[in-house]
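The following blocks contain the structures, represented as structure tokens.
You will see two complexes here that share chain A, one where it goes with chain B and one where it goes with chain C.
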Partner chain A sequence: MTTISAPPPGSTDRTSEPAPSAGRSRRGARVPARRRGDVGFVLACLLPALVLFAVFMVVPTVNVFRMSLYTWSGFSPDLRFVGLDNFTRLFDDEQFVRAFQNTVALLVVVTVVTMGMGLFLAAIMTRQRLRGRNLYRFVLYIPNVLSVVVIAAIFSAVFDQENGLLNGVLRLLSLDGLQQVWLGDQKLVLWSVAIAMVWQSLGYYMVLYMSSMASIPEELYEASALDGASAGRQFFTITLPLIWQNLRTTLTFFVMSAVNLSFVLVRAMTGGGPDGSSEVLLSYLYKQAYTNSSYGYGMAIGVVIFAFSFLVSLLVSRATRREPVQF
Partner chain B sequence: MTTLRTVGNRSRTGRALTYVLVIAIALAIAVPVAWVLLASLKQKSEFYGSPWVLPRGLYVQNYVDAFVTARMGQYFLTSVLVTVLGLVFVLAVSVPAAYVIARYEFRGRGLVEVALLAGLFVNVNYIVVPIFLMLVDWDRSLVDVLPGGFFIDNPGVLALVYAATSIPFTIYLLTAFFRSIPADYEEAAALDGASRLRIMTSVMLPMARPAVTTVVLFNFLAYWNDFIIALTLLPGDGKTLQVGLLNLMTAQKAAADYGRLYAGMVIVIVPVLIVYALIQRRLIEGMASGGVKG
Partner chain C sequence: MKESTRSVLVVTARTLVAAGCVAVVVTARTTVGWGRLAIMLAALAGLLAVLASYNRRFR
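Presenting the complex of A and B:
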């Protein structure tokens, strides 16, 4: 699923964040709500959105945290307060530990590969002025508009053991020995999911970085070329520092989107199998809640997910803080 | 271009390698999608043996099966209804809210803004379970009035949940845009005696068209492509297209009925591909203006 959100609030440096925070708003004059009837107008405009937001986002979020302190088997009124018991149980739950490890592994691998390839491709597409790059851009962005169910179905066809595209290619190349049961092998299935994740998100990040690289003035590259800088050197001394803020923002949000994407893909493609080997945090939450009817326990996993994605985002944001460079 | 000229010969092989790499990646994306389109026209017997053989003819029966037997036609209508309703809901509540946040001083504005920004960090899929339980609970308290239930299995409610959960992003983007419009237009309209409501709907809304388009695009993709919320909130017969496709996938695993599955996939893919081809420039511009996927 592609929920879209925006750069983080001005929690850190505001200097080059595109987020129009306080600084910008002063330019556009604000009408103070003092005239008669203004308060009514403001309320009428604001209330519907706030009510919907409160009912369907604030209350459920609070409920995740509240319910994690109870045991509840679903529709019975039998609700029992157990404090932090659900959380202590998590540490002894091997399946949970595996789901956590899988999530972290996917996060690290997919982030490194997607961001690395996305940056590299964006750099050569903008710097080298390839012929037909609009076509490449068009094609590479396609997976981002497809639904995850479609992507899961496509990859089921690619990875199919008998008639799959991948094994078919390997057979054509007489590399029969490399054929695998891509989605049925406990050791391989997670990497098959990772490939699908990279396939889905690569184009999105490439396009995003292309648009921020396009705003770097050409003179900078010309000047450094006169000094004899190679394309690789230019990338690290000019391109990367100048799009750093953008990269940081995407990295911070990538964590959340990858946690989510890994779940929707796993749900549609492998169902967590075989034997729980591709289970990730959110899919394990669903299993506990719907299949096992352990809502309280499921919500404790939800709390872990919230805390985990918040902490990782924060760490990434801290670790990548640099003095903004401008041109 | 100066760079290329100075580096000379070495860069010519480099350039060739670059082309090979980029084309290989583009093929890795285009080929599976194109393959699905072709495979949807194959007969059952053609699925055994090499997957790389072209279909022998146009076997349209797959589409008839998908549309009628697998009810993808009906699911298609549900998806259209839910998506359109969701877009109407989200615009109806977000445009006025974003406008007053951008233009009016009122007590608690800071708090509202912070709460909505925090909402950007809450992914819908984190909170589907409590939303589902809440709706079940509402249904149970209404059981005397409406024994059939109202909130679960209701496409309108699904649309409302979509709209509600995309409010933070929508308001964020619209507020930013409203703030970038100079206040002169509103002042002029106010001098001419236009009411507050009229200023908002007839002066500001038309000027905010680019931002509204961006919001509609991103939300359209999110609503149309979602399956987790739809799976949870519409457990009955009135499914959306994505859930229908998911069922086809499960059925195919049991019965090896590939043709119907691929035809179903094409039915799901084609509308988004058409929309994407038509508006790709706008989509990419919208992304550059501050949308980051979450």
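Presenting the complex of A and C:
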């Protein structure tokens, strides 16, 4: 990763700037016309993307905010303006609070575990000359290629109470007392979903970190080794600062995936149960908007999700901002 | 206090605070309520504060 910095102030290198007199003398009349043509061409190229962005991103987002102020079943033509009533209802909705708590718990735990394990595995595979590391990388990356619904089916089979892999292994090891109803216990079900989330995303983040680590010059490690730095010190003083921009990006990915990925896994693995104990914000939104015929209320939940994701992403970005390191 | 000792103490403190925040998030989830949710969000803010404090010297 090489970063090119801007030329220092007061630099005398003016080769990239047109000479002030050049436009007026030989090509004075043609330059502005050509620039206008360039601007037109750029606008023409941008227009389709801008239209698509407006139609599929801006309009639906504005519509979510607008519909959160209405009560609507989703099917009938009756649309009644209720102001902020949908938001005040949220305060009395215990199921919404539980879904919010579950989302925050998944956000924190899955991010910490996946990032920690991803960094650890990436550092080992990059720095240690492991035999068969390409095979390990391939095996760890496979879950990311699979559909999330397939992963949900795999983990439903793993966590099955009677014939599941996990309880089967525990029985085999004569640890019958440790057997659990992994997807039926209100205390355990969310962590079972969290395990599936970690398994699904670990390989992806590991490969991302490995690609950054592979671009760090070997000389830096050799020089620090000559100075007596241990592998751990090298990781914290060389590797971590030099892959920081990548870490920042992945932290934002974690926020988004904790909200989005958890919805698919929860829907496919538990349906929000038992008794709503694995409900997350998006699955609760879906349930309210499309199953409970409370579209406006669902959109109010959508506004909360938008605000929460936006705020956390913003704070993460501010907390991790730093000057890019040149090497 | 020696610089190396201070550095070790800071790293240890940050690690403990981060681990504590994760533990608070996990334990506060067991009870449903706005108060518990506020505690969880405060723990999340604590984790971000630890991250910002680590990152501050690189700005």
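We take it that the second predicted complex is superposed on the first by the 271 of 327 C-alpha atoms of A that agree within 3 Å, B and C clash if a C-alpha of one lies under 4 Å from a C-alpha of the other, contacts with A are read in each partner's own complex, and residues count from 1 in each chain.
Heads up, the rule we're going with is that a contact is a pair of C-beta atoms (placed from the backbone, for glycine too) under 8 Å apart; a residue touches a chain by one contact, two chains touch by 3 or more.
Just so we're clear, the structure is a prediction, and the values are computed from it rather than from any experiment.
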Given the touch rule stated above, what does A:V108 touch, chain B (first), chain C (second), both, or neither? second
Just checking: does A:P324 make contact with chain B only, chain C only, both, or neither of them? Give me first, second, both or neither. neither
Does chain C touch more residues of chain A than chain B does, or is it the other way round? B
Looking at the overlay, what does A:E222 touch: chain B (first), chain C (second), both, or neither? first
Looking at the overlay, what does A:V316 touch: chain B (first), chain C (second), both, or neither? second
Mind working out whether A:Y204 is in touch with chain B, chain C, both or neither, as first, second, both or neither? first
In the superposed arrangement, does A:Q234 touch chain B (first), chain C (second), both or neither? first
Once the complexes are superposed, what residues of chain A are shared between the chain B interface and the chain C interface? none
Help me check something: in the complex, which residues belonging to chain A touch chain C? 91, 94, 97-98, 100-102, 104-105, 107-109, 112, 187, 190, 241, 244, 312, 315-316, 318-323
In the complex, the residues of chain C that touch chain A are 18, 21-22, 25-26, 28-30, 32-34, 36-37, 40-41, 43-45, 47-49, 51-52, 55, 58-59
As the complex stands, chain B meets chain A at residues 1-4, 6-7, 11, 14-15, 18-19, 21-23, 25-26, 28-33, 35-36, 39, 47-52, 92-94, 96-97, 99-106, 112, 114-127, 129-131, 133-134, 136, 160-161, 163-169, 171-173, 175-176, 178-183, 186-187, 196-197, 200, 218-219, 221-222, 224-228, 242, 245-246, 249, 261-262, 265, 268-269, 272-273, 275-277, 280, 283-284, 287-294
Chain A residues touching chain B - in the complex, by the definition given at the top: 1-9, 18-20, 24-25, 27-33, 37-39, 41-42, 44-46, 48-50, 52-53, 55-61, 63-64, 67, 75, 121, 124-125, 127-130, 135-150, 152-158, 163-165, 168-169, 171-172, 199, 201-204, 207-208, 211-212, 221-222, 225-226, 228, 230-231, 234, 249-250, 253, 256-257, 259-260, 263-264, 267-268, 282, 285-286, 289-290, 295, 298-299, 302, 305-306, 309-310, 313
